[in-house]
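I've put the structures underneath this note.
In the two complexes that follow, subunit A is the common piece, with subunit B as its partner first and subunit C second.
And then the complex of A and B:
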């Protein structure tokens, strides 16, 4: 029943698209006032998608296995929380969520943009409707979440256990708010370009949407990363896996856009940058969806390999790119000329420098992700591009990037002198000495490390000092830059100080290394709602006599029959102690991995600080208005 | 007569071009160095020479070939035409077992011995690395 309502809501939603387009086109031509029918129908469309989404959630909650999606991804013994989160833990449901966010954002846009011109609002709506219709058709035609199956199965196939996790339950909605939120940036930029509407006020208005999208995308990536850290058992937080890269690429584009739009707001230059970045952010999001959903990249996000789906997204993607390029080349008028140009040492230059660095990072990630796919298509050779590639190409360029990040915000618009030179140099010397000191102690006399740590410390101290200088006004920017320096520092120290032991142990055995003694005391079994847990008890004795007991788990799920390992992590402010245990069938040995990972919590925390800076900027905007 | 502005712009464009060319060169070069190729046991058998580069070997873990010690794990990867001995010490993914697909990353000692540095994790029992699938389909 819920499925039926859900399905018809989708059809109604699609029909409303036509109604909205009809009203909009009529309204665009004649009267001067914005037609309220349009807002009402947009709300109605949003409402129908919500109904449809609730219908799917209800089918999951009541385990209605006549629904194919529920049958494929749910099970009666699954805890209620994961029944609900299972709604978007599959291809069909997550696309419905995608649609929900699309309609939510256009509705919010219409009610929040009342002070903008009528034509601009209508045109934005029209562009957004093109995207919405594309996804409606995609959903109904190739991935209907409400397919009926007969005879009705007694039991479902269950949700992949590694998705049964709190962080991963909220990761998709948060990520989508950022990922799909960029659609509104795309639509409004296209609308503004075709109407030649780009102005300082427009930039101010668009900045809010960029910020919202950026905050959620940052948090979404953070959640995914945290999940990968404790669930996949590798003990890392970023693997340069293609699936991670496709979320990083829109983030890089969006971050660059955020900086450009500041320039546009204050100085009305870099308009082409803004237009191109708005287009590329959403295009990269779509590309990510295509790569992940078409089955080209194999990952936890690939739910079903259906070539038809991939083809649909690809064609749709090309249409959107074609449309936006057409608008860019035929309608975009570069109005930079009527503004005085800027000098070498100015805020504009520093933001341009930031742009070029970001574009470089973006192209490195893009090539690393896409090149293996192309090579396989062209020469059927199978390759993979791993962390060394990215480390080599990105890390050296982080050094000037960090330095520019410290000095850039100090510059003024148009023409500037560096003020407080004494402080800038003093801080540089302090950071340099501090890094040499740290690297020397560690005995890893490595040139790159010293310079890298120096530049990270430099940004750290400069931004830290700026918190206490009152004449400095841009608090949100300072917070985010401070967060970034903290992130880089934590990652560096995390890499430098990490310790790892991998060994095979039988129950009762003891492993002795230079630094720790690991004693495998016993294992016990525990039955849970939908899995059997084997819990190991391991005592770790470090050199200075500290004893820590860790209890890593192996979980054997009933449906689907999958084994996962749950890491046991002891977290404190300085280090994480991380242990996973695996077993191999028919062997007495357990595969034990013990890691000491310093500053893990600071990595998460600094990303929170970065996004908090964005939030503050958004709220300040509201407050000023 | 070119003004100062035009000259500046010219240098700016030149600078961008040089940077672009340099970065593309850099990217392509390190791509060449850091790429890991995938090979099946059969492909290894017909290699003209053993390279020192890191590669990936994929196939099935042969039945009754797995033996585990305190330090290392030994097993045989087969693509049902040829096989290769693998020695590995490190973390083993949960679904690693005899008769299932596996992808190992590491270095060739010779054509019959492979020193693995990493065994790639799989996410569920139906999932098979695309390389293994392709290797099995070829058979």
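And then the complex of A and C:
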């Protein structure tokens, strides 16, 4: 029943697209005032998508296995929380979530943009409707979440256990708010370009939407990374997996856009940058959807390998690209008055420097992700691009990037001179000495590491000082930059100081190393709602007598019948102690992986600080208005 | 002039990317390494289950005869699925089935054969799994069809109807 309502709501939603387009075109030509019928129909469309979404959630909650999506992804013994989160843990449901965010954002846009011109609002709506219609058709035609199966199965196939994790349950909605939220930036930029509407006020208005997308995208990536760390049990938080990369690429473009739009708002230059970045952010999001959903890359997000779906997204994606190219080349008038006249030492220049660095990082990630596909098609050779590629190409360039990030915000618009020169130099010397000291006592003497830590410390100290000297001026920017320095520092220290031991132990055995010994005390079994857990109890005694007990788990899920290993992680402010346990076939031994990872919690924390900076900027703008 | 060339260039490059992605979609994304079919079989020395006699592989694999080397273990569940096919093959008179007992303990292995019947002519022991590595096995079960001291076919995973009939065709 819920499925039936859900399905018809989708059809109604698609019909409303036509109605909205009809009203909009009529309103665009005829009258001077904005037709309220349009807002109402947009709301109605949003409402229908919500009804459809709720219909799917209800089918999941009541385990209605006559629905194919529910049958494929749910099971009666699953906890309620994961029944609900299973709604978007599959291809069909997650596309419905796409649609929900698309319609939500255009509705919010229409409400919030009352002070903008009528033509601009209508044109934005029209562009957004093109995207919405594309997704409606995609959903109904190739990935209908409400397919009926008969005879009705008694039991579902269950949700992949590694998706049964709290961080992953909220990761898709948050990420989508950022990912799909960039659609509104895309639509409004296309509208503004075609109407030649780009102005300082427009930049101010668009900035809010950029910030909202950016905050959610940052948090979404953070959640995905947290999930990888706690659930996958590989002991890392970023693997340069194609799936991670496709979320990083829009983030890089969006972050660059955020900086450009500041210049546009203050100085009305860099318009081409803004237009191109707005287009590419959304295109990269779509491209990411294509890459992970079509099955062209293999990953956990590849829910179904149906070539028809991949082909649809591909054609749709390129239609949007060509549409934007057309608009850009035929309508975009470059009204930058003083493009070439940037003084070398000014905020504009520093933002341009930032842009080029970001574009470099973006191209590295892009090439690393899609190059294997190109190579395979052209020469049918298979390669895989892993962390060494990214590390080698990105890390050295972080050094000038961090230094520019420390100095850039200190510059003034138009023409500037560096103030407090002696502080800048003094701080640099302090950071340099500090990093030499740290690197030296640890006997890891790499020149690259020293310089890298120096530049990260430099940014850290400079931003820290700015909290006191600048008071509340530019606070949000300062917070985000400070967070970024903290992030880089934590990642660096995490990489340099991490320790890992892999060993096979039997119950009762002890592993002895120079710094600590691990004692495998016992194992116990526990039955949970939908899995059986085998919990090991291992005591770790360090040299100074500290004793810590870790309880890694092996979980054997009933449906689908999959074994996962759940890491036990003891977190404190400075280090994480991380342990996983695995079966070795037909033996009494267990494979134990024990890792000491410093500053893990600071990685999460610093990303929160970065996004908090964005949130503050959003609220400040509201306050000023 | 420049303005005319740039859009054209972009359109062409995007069409190129479209073409590549389109082609890429049709490729299977499941990684399957090239198996060099006609490879000489590796030489090894090991013990035999039951008797614990030492043998080397040269004594077993004779030139003009078909052999199926089957990597198995008592703890391996798919091995039970493929067992009927091995039994069927063992009654064929132009092929001999050789077992490679992988990382198993002898008692379990013997029990397994007692309960399920023994299709193997002889069973090698591979306690530490190194022989399987030498042969290039990915896991258990896996089977190598051998003729003239060369691997002519490798079957990853349990035997099934298709691979069974393929083997029957090959040894005709």
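Methods note: the second predicted complex is superposed on the first by the 618 of 625 C-alpha atoms of A that agree within 3 Å, B and C clash if a C-alpha of one lies under 4 Å from a C-alpha of the other, contacts with A are read in each partner's own complex, and residues count from 1 in each chain.
The rule is short, and it goes like this: a residue touches a chain if its C-beta (ideal position, glycine included) is under 8 Å from a C-beta of that chain, and two chains touch if they have at least 3 such contacts.
Quick caveat, the model's predicted, so the values are computed rather than measured.
With the C-alpha superposition on subunit A as described, subunit C and subunit B clash in the combined arrangement. Contacts of A:329 after superposition: subunit C is touched, whereas subunit B is not reached.
In the superposition on chain A, A:612 contacts neither subunit B nor subunit C. Judged by the touch definition given at the top, the superposed model places A:321 against subunit C, while subunit B stays out of reach. In the superposed model, A:382 makes contact with both subunit B and subunit C.
Counting the residues of subunit A touched by each of subunit B and subunit C gives the higher count for B. With both structures placed on the common chain, the touch criterion links A:423 to neither subunit B nor subunit C. Using the contact criterion defined above for the overlaid structures, shared-chain residue A:374 touches subunit C, although it does not reach subunit B. Contacts of A:593 after superposition: subunit B is touched, whereas subunit C is not reached. Contacts of A:290 after superposition: subunit C is touched, whereas subunit B is not reached. In the superposition on the C-alpha atoms of chain A, the part of subunit A touched by subunit B in one complex and by subunit C in the other spans residues 298, 382, 585-586. Subunit A makes touch with subunit B in their complex at residues 160, 162, 232-234, 298-300, 341, 356, 360, 363-364, 367-368, 371-372, 381-386, 388-389, 392-393, 502-505, 509, 554, 560-565, 580, 582-589, 591, 593.
Residues 290, 294-298, 305, 307, 310-311, 314, 318, 321-322, 325, 329, 373-374, 376-378, 382, 585-586 of subunit A are the ones touching subunit C in the complex. Interface of subunit C with subunit A (complex): residues 3, 6-7, 10-11, 14, 18, 20-27, 29-31, 73-75, 103-105, 108. On the subunit B side of its complex with subunit A, the touching residues are 5, 16, 19, 23, 26-27, 30-31, 34-38, 56, 66, 68-73, 89-98, 121, 123-125, 127, 129-131, 134.
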